[in-house]
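Sharing a structure here in C-alpha cells format.
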Amino acid sequence: MTYTERYKGPKSLTPKEFTYCPGCHHGIIHRIVAEVIDELGVQGKTLMVAPVGCSVFSYEFFDVDGTVAPHGRAPAVATGMKRARPDRIVFTYQGDGDLAAIGTGEIIQAANRGEKITTIFVNNAIYGMTGGQMAPTTLVGMKTTTTPYGRNPANEGFPIHVSEVLKEITGVAFLARTKVSTPQDVNKTKQLIKKAFMAQINNVGFGLVEVLSTCPTNWGLTPVESLKWLEENMTKEFPLGVYVDKVGDIK
Amino acid sequence: MTYTERYKGPKSLTPKEFTYCPGCHHGIIHRIVAEVIDELGVQGKTLMVAPVGCSVFSYEFFDVDGTVAPHGRAPAVATGMKRARPDRIVFTYQGDGDLAAIGTGEIIQAANRGEKITTIFVNNAIYGMTGGQMAPTTLVGMKTTTTPYGRNPANEGFPIHVSEVLKEITGVAFLARTKVSTPQDVNKTKQLIKKAFMAQINNVGFGLVEVLSTCPTNWGLTPVESLKWLEENMTKEFPLGVYVDKVGDIK
Amino acid sequence: MKYSGLIAAGFGGQGVMLLGQLLSYAAMLDGKFTTWLPSYGPEMRGGTANCTVVISDEYIASPVIDAPTELLAFNLPSMNKFVSQVIKGGSLIINSSVVESVPERKDIKIFRIPANDIAEKLGNIKVQNMVMMGAFLHVSNIVSMDAVQHAFEHKLTGTKAKLIDLNMKAIESGMVAAGK
Amino acid sequence: MKYSGLIAAGFGGQGVMLLGQLLSYAAMLDGKFTTWLPSYGPEMRGGTANCTVVISDEYIASPVIDAPTELLAFNLPSMNKFVSQVIKGGSLIINSSVVESVPERKDIKIFRIPANDIAEKLGNIKVQNMVMMGAFLHVSNIVSMDAVQHAFEHKLTGTKAKLIDLNMKAIESGMVAAGK
Amino acid sequence: MEYKNLTIIDQERCKGCGLCINVCPKKVLEFSKNYNSKGYHYSEVVKPEECIGCGFCYRMCPDVCIVVKTSA
Amino acid sequence: MEYKNLTIIDQERCKGCGLCINVCPKKVLEFSKNYNSKGYHYSEVVKPEECIGCGFCYRMCPDVCIVVKTSA
Amino acid sequence: MSGKVMVKGTEAIAEAAIRAGCRLYFGYPITPQSELPEYMARRMPEKEVNGVFLQAESEVAAVNMIYGAACTGKRSLTSTSSPGFSLMQESMSYLAGAELPAVFVNVVRGGPGLGDIQPAQCDYFQATKGGGHGDYRLLVYGPESLQEAVELTVKAFDKADKYRNPVLLLADGLLGQMMEPVEFPDFSNLEKLEKHSSWALQGTELERKAHKVTSFNIDPVGLEKMNLNLQKKYAEMEKNEKMYEEYMMDDAEVVIVSYGTIGRIAKSVAKMARNKGIKAGVFRPITLWPFPYAELAKWAKKETKLFFTVEMSAGQMIEDVRLAVEGRCPVKFYGRMGGMVPTPTEIFDKLMELV
Amino acid sequence: MSGKVMVKGTEAIAEAAIRAGCRLYFGYPITPQSELPEYMARRMPEKEVNGVFLQAESEVAAVNMIYGAACTGKRSLTSTSSPGFSLMQESMSYLAGAELPAVFVNVVRGGPGLGDIQPAQCDYFQATKGGGHGDYRLLVYGPESLQEAVELTVKAFDKADKYRNPVLLLADGLLGQMMEPVEFPDFSNLEKLEKHSSWALQGTELERKAHKVTSFNIDPVGLEKMNLNLQKKYAEMEKNEKMYEEYMMDDAEVVIVSYGTIGRIAKSVAKMARNKGIKAGVFRPITLWPFPYAELAKWAKKETKLFFTVEMSAGQMIEDVRLAVEGRCPVKFYGRMGGMVPTPTEIFDKLMELV
C-alpha cells in the first residue's frame, strides 16, 4: 500500500525540539502559525519577533529570520522592521505578561497606528517563564507565586480583557479571541490567524489573535486537567469571538 | 450697599499666576478642580501629582502637597502614594501626550487595578509644552510640527479614544468625557470631576475625567477661535458623555 | 582681522532672534565665519529672549561670549543685564522707542534709535527689528548691504518676496538713524 | 578544623537541591558555618541541577568550590562532569541504581549506593536522595544525627510530620549501605 | 454710583484672552486700550450697570482674574 | 500487516503530555510503559487498526511529534 | 539554639527590609530575584507585618510607585535584575534629583541585553557612575554574605532616610540564590519611623504650607543651586559612609581587590596564595559608591607588588582601583563574563601567573 | 558662493543623516532637540528623500523601532535629550548585545531628573561607561561645531555599519540650538548601502538559512563567548577609532581638556591665557569612547604644570583624564551645572587662580 502524508509538521518550523513543558499550548500555537505561513507561501519573506517569556525561544523554532525584542517591546520592534521593509510579513508572538503588562503601551499604540503587522497573543493567565507569578490576566481568586492567597480584586484589580480594549481602536483590522483546546478549536484558530496575516498582506491594518492557553507547570495541573480548567474558567472570563474583522472573506 | 462675593477663586489654588498662554483651558480646569477640592473639604489631605507637559507647573498652582512625576508615570506615582497613605486623596493631572502616549501603560494598569485615585485628563490634541507636535489624539488632517502635511492615518493612525478604551476596564468606577467651552460646560465638568473624586472617597475605584481642551498657541488660533474649533472638530471625534458611573448620586 | 560679537536682547516677540539669524546668514553670504546662538529665558513663553551673533574673518573659537563688541537692547531689563559686559570702545544700540533711560558708561558709544517710531512711519511696526539691524550695520560695518539683500532674497520667497523692499527700507532707515 | 565541601549533582527532580538544603540546615543546627549554593543548568526545565554545600567550623570564605571533598553523583553526566575535581583522598558517592559505571580514579574513596532500590524497599522511591544523604553523613561524619532529626522536625510540620520517620529510616539505610 | 452686581478684574493678572468678553451675555466687558505690565490689553468693565452677576465671565476666565459680587 | 491509516509518533521527541491520547476518538494511542531518553513515558500506537486518520492527535500534539499517513 | 535561620539571599534581604520598617514593596518579577517579591507577597499581608505588596506592571511603573511612596516619607523597597534596573534609570535620576529616600536591590545577571540568568557583576558602572542622566549618586552597597546583606539592608534604609537619597544594594545572582544561616535584627519601632518627615507629602491638614517635592527647576540658576546642594550632600556621604574590609592585609604584598561574592571567594584565594608563601591579602570595598579611594591608595606603596582586581565582568571596578592607585603599582585584572563564576583555583592560577 | 548653508545644529545633524543614507527616523519629542524630529517630519516625505519619519509613543518605543529597523540592516536614527536617553538604556544594552548598527543623538540638558532645558554635559558617564546593564560600549562622538557634527554624523553611520554597533552623538543644547554655516556632503549611494548585509533580517527568500539576531544566550558558556567577541570588537575600536584635537599644544604647559562646545570655548580661553603669557593649549577628545588615554597621557610630562578639565557637569570626564594622567601632574576641575554655560572669561579667571 502507498501512503500519503495527511498530517505532517509544517516547513516553517525548524526541526529543533521545543523547550516547552509537556502539554504546553505554546507548541500547538507555534505549529499552526507555521502552517499558516506555509499555506500563505510567505516563509521566505517573513520576519518574526519573539518576546521575553517562555516563547523567547520561538525565534529558534520558526524557520524564518527572527529576533528577540526586549520584554514587552515586540510591537515597536516589529514596527521598525515593517517600516523599513513594508514588503515583508512581520509578526510578533507574545505572552500575557509581555503584551498585557509591561508592553501595554506598545501594543495599544502599534494597534492605534494600524501597523501592518500581526500579533499572536498567548494568554495563559500567568507568567510562565519566571515561575508562575500573577499576570494581568490572572483570574480572580487564582493562586500564583505573587498572589499566594489568591488574586484579590481589591488589591490587584480584575483580569484585563485585551481584546475588548483593543476593539476600541480604529487601526485594528482583525481581532479575535480563541483557544486550542480541541482539534476543532485548533482548526478554527488557524483560520483566524490566517485572517490576521491577511489583514497585513492586504494592507488593511493591524491584526491580533488572542489564544487562551494552558500552563500546566505553573497551574499545577496535568496537561489534560489544564484543558478542562481552561474550558471551565478562562472561557467564562474571556469570551471567545471575532471582535473586529475588516478583512472580509478569504479563500 | 453691601456686596457678597458670588464668584471668587477657590482656596485650593495658590495666588501664583498661571504660566499658561492666554486663553488656555488648563487654567479653567485648574480652577474647577480646586473648587471641587474646596467643596469636598479635602484640601488638607489631598496629594497631587503633576505630569510633564504644560501643566508640569500645576504642582505650584494647587495649594496642596504635590510632586512632578516623570513623563507619563503620574498614575504609578499616585499608586505609590495612595498605597502608602490610603487615607489621603490623591489625584493626577495629565495631558494627552503624557497620558495617551508615553503613559499608556501606566494609566491602563492603574485603572485596571482599580486604584483609588482620580485623574484629570486634559486632551488638547497636541503636545503643548514641547511646541506643538502630534499627540495620539491629534485629529486626522491636523497640521502639527511633526505632521507638517497633516495627520495621515496611513502613516500615523487615527486619534486614540481614551475614554472608549478605558470603559472596557473593570476597575474603573467613574469615567466621563466633557469640555469647558461654555459656562454651562464648566459647571457640568465640575460635577463630573466631583464624582470622580467621590469614586475615590467612597472607595469604589478609579475615576477619570477627560476634558477636551484648547491650545490656542499651537493650534495657531486666538482663544475665541479655538473654542469654535474645539466645538466643530473635537466634539465630533470625541463624543462627550459619562462612560462609566459606579458612584451613583451624590449630594 | 574683522570681528564682531554682538548680543541682541529683548522680549520674546520683538524679532530679536530673527534679526540675529538674518545677520548671521548675511555674514555667511559675505564669506565670513559666523555663529548664532539663542538663549531663551526660563519662562516657557513671553519672557526675555536674546541671541549672540559672532562674525569673524577667522574660525570662531567660542560662540559664547561675555564681552560683546555690540549690544542691541530692545528693552530695559535687557539693557541693564548686558550693558556692563560691552567691551571698552564697544557700542550700545538702544531701541529708544521702548527704552527711555541711558546707562552711565562713558567708555562705549551709545546709539539711541527710535526703532518703533521709524518702523511705524514705514507702515509696519514689526520691522523695528530691521531698523535696529540697520543701525548695527552702520556701526559695525562688518556685513555688506549686498549680502543683506541676498539674505532677504533667500529667506523671503513666494508671496513673502514683496516684503523685501519694506525690510531693506527699514534697514536703510536704521543706518541713517545711527549715522545721525 | 572540620571542613566538608560537597557537590551533589543530578537531574532536576531527583531531590538534589533539597538534600543540600537539609544538610546545610542540619549543619546550622549543629552550630557550624555552612553555605548552600544552587546551580541550575541553562535549560529552563528538566536538565541538570547541582548544588554546593560547605560545612565548616570556621567562617566560610568561598561558597564556590572547585575541589569538593565529597561528590554525590545522582546520574552519569553529573559524575563525569565533577569527578575529576574531587580532592585526593576525597569521596565519591554514586547512586548505583542509576549509574552503572565507576570512574578510573584510585586516589579517592568510592561508595556505590543503590539508593533507588533501597528507597523502593522503604516504600517510597522519592527518598532515594535521603539514602544518599545518609551515605554522605556516614562518610563525612560532619553533622550529627540529632541535628538531622531536628532539621526534619523544622521542615516537615503539620500533615507532613508523619514523613519524618520514613526520611530518617532512609538516612539510616544510607549510612548502613555506605558502611558496608 | 452703586450697581447691583460688581465684576472685578485683576488687570495685572489678566492675559487679555477675551474669553470673558466673548461670553458675557450683557456685553459688560471690553478689551482695554491700555497694556498691562505683561504687555496684554486686559479686560475691563465698560458697562457695569448691565452686569447681571451671572458669573459666566468668572467661569470662563482661565487665569482666575475675576471676582463677581452681588448685593442681592 | 497493512493498515488504512498510519499514525507515526516520534517517540524521542514526545514529552508524554497525553494530549494525543486524550483526544483520539478511537483510543488508538496509549502511554508506553517505557521511558524515552528525556525520561518521559511516550505515547505509542496500541490499536493501529482502529485509526481513522482524523489527525486529531496531530492537531493537539504540542511538540510536533506526530505524522498521520493514509492510503486513501 | 541560636536565633539563626537558614534562608535564601533574596529572602534574607526581604525579611531584613521588613525588620527595618519597610511596609511597601513594589516590583516586577525577573529572574534571578523573583523569590524576593514572592517572599514579600506572602509576608506583607501577614498580621504581624501588615504591609503592602503590589506587583507593578513593569519596572518603570515599579520605580514610580516607589517614587510615590517615598514622597510620603515611608520606607519602601523594590528589587529587580539587570534589564529591569536599566529600565528604572530615568526615574532613578528623578528620585535622586527630588532627594527621595528608597532602597533598591539589583541582583545582577549576565548581560548585555537579555543575556542569561546567571550571576554577574557587570552592572558596576551603571550602579556607581549613574546609569541615568545628570550628576547624581546613589549610595551603593555590595554585600559578600547573607548576614552582611541583612545588615546592609537595614543600614540602607537608615542612610536613605538620613540623606534623603536612594540607596542600592548591588548583589549578584550568587548571593541572591545561596542559603546560609543568618540572624535577623528585631523589628524597628514603626511609630518612631512614622514621625512626620519635615519635607514629606502627607497632606497639609491646613496646618502648614504645602510641601513640594520635585527634581524640576526650569531656571538654570535654581537648578545649579539644587545641584550644588546635591554635590554637598554627596561630599558628606563620601566623608562619612565609606565601608570596606581588609583581610590579611597587614603584611600583604599582593592586594586582591574584589567586591561582593567575588570578594568573599578572594579570601579563599588569598589563603591559597599564603599557603604558597605569597603574602596576599584582600581589600574588599563594601560601599561601591562612595568608593574607598584613599583607603585603597594607602596600600599603593613600594612594598606592594601587585593590585589584582577580580570581577565577574570585563573590568569595571578596576577603573576605580586605578584611580586610587594612580600608576604607583601595577594593577592587573581577571574577569569572567556572561554569568560564568570564577572558582578559587582558577583565580589562584591566574594570580600565580602574574607574580 | 560656496555650498554653505546656515542651519541649526539639530537640523544639521538631521540633514547629514539623510545624506549618509538614513531613511528611517523614529523618535519622541523632547526639548531641546525637537527641531530634529520636526525637520525629519518635513524632509523624509520629500520625493528626493522618500524616507520614513515616525513619531513613536515614547523613547522606549523609539529605541525599539530603531532596534527593528536596524535588524533589517538599514540605516536609522533616533534623537532625544537626557531623560529620554535614560529611558532607552535597557534597549541600548540589547542593541549592543545583538550587535545592531544604529545612530543615536543625545542633546544633553540640565539634570538630574526633569531638571531644565538648558545645555549641559552631565550625561558623559551614561554615554561612555554604559548607562545600561552589562559589559558593552557605544562609540561616542562629541562634536564642537556644526560642521564637525555633520562630518561625525556621516562617520557615525559608517562606523555603526562597520562594527555593527550603536554609535552615539553626544551633543549639548548649545550645539543643538546654535546656527552656523555648514557644508553638507553629497547624498550617499543608497544602492551601494542597500546591498544585503550578510547578517540582517530581510527574509530568507528560501535561499539561505534563517538569520537570527539576538542578545540572548541562556547558556553562560555561550554568553561568555558572545562577550569575548564583543570585547574583541571594542578593543579593535579602541585601536582604530580614537579621535581628538590638539590646539596650540606644541609648547603647552597648561592643558585644558574639554569636549564638545566647551572644548571650543576652551580655545578662546587658551588664546586669552597666551595673551597673558601663559602657555596654554587645548586637548579636545572627539571620541569620548574610546577615550584617547594614551594620546592625552603623552602630555603628562615634567613640563606640564596643570591639566585643567572644564565641563558642564559636576566632573565626569575628569575621571578619564585622571586615568590618563595617573597622578603624574596635577589635574584640576572647573564645572558649571544645571544648564549654566561658563563663559570664556569665567573659565580664564578660574585658570588664572590655578596657575
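Each chain gets a letter, A, B, C, D, E, F, G and H, in the order it is written, and its residues are counted from 1.
The rule is short, and it goes like this: contacts are C-beta pairs under 8 Å (C-beta built on N, C-alpha and C of every residue); 3 or more make two chains touch, one makes a residue touch a chain.
These figures come from a predicted structure and were not determined experimentally.
Traced through touching neighbours, the fewest hops from chain A to chain E number 2. The leading chain pair by number of C-beta pairs in contact is G-H. Chain centre most remote from that of chain G: E (centre = mean of CA atoms). Centre-to-centre separation between chain E and chain F, using Cα means, comes to 85 Å. Rounded to whole angstrom, the centroid-to-centroid distance between chain A and chain H, based on C-alpha atoms, equals 39 Å.
Distance from the chain D centre to the chain E centre is 87 Å, each centre being the mean of its Cα atoms.
Annotation: 54 Å between the Cα-based centres of chain E and chain H. Looking at chain E, one finds that none of its residues touch two or more other chains. Across the assembly, chain A contributes residues 21, 56, 68, 70, 101-102, 104-105, 109, 113, 129, 136, 155-156 that each touch 2 or more other chains.
The multi-chain contact residues of chain H, meaning those touching 2 or more other chains, are 54, 57-58, 60, 83, 90, 94, 98, 113-114, 116, 214-216, 218-220. Residue ranges of chain C in contact with chain H, taken from their complex: 21, 24-25, 28-29, 31, 33-38, 42, 60-67.
Chain B meets chain H in the complex at residues 52, 56, 68, 70-72, 97, 101-102, 104, 127, 129-131, 133-134, 136, 145-149, 155-156.
Within the complex formed with chain G, the residues of chain B that make contact are 14, 43-47, 49, 56, 59-60, 62-70, 73, 76-85, 88, 105-106, 109, 113. Interface of chain B with chain A (complex): residues 101-105, 108-109, 112-114, 136, 153-161, 164-165, 167-171. The part of chain B that touches chain E in the complex is made up of residues 1-9, 13, 17-18, 20-28, 30-31, 182-183, 186-187, 216, 222-224, 227.
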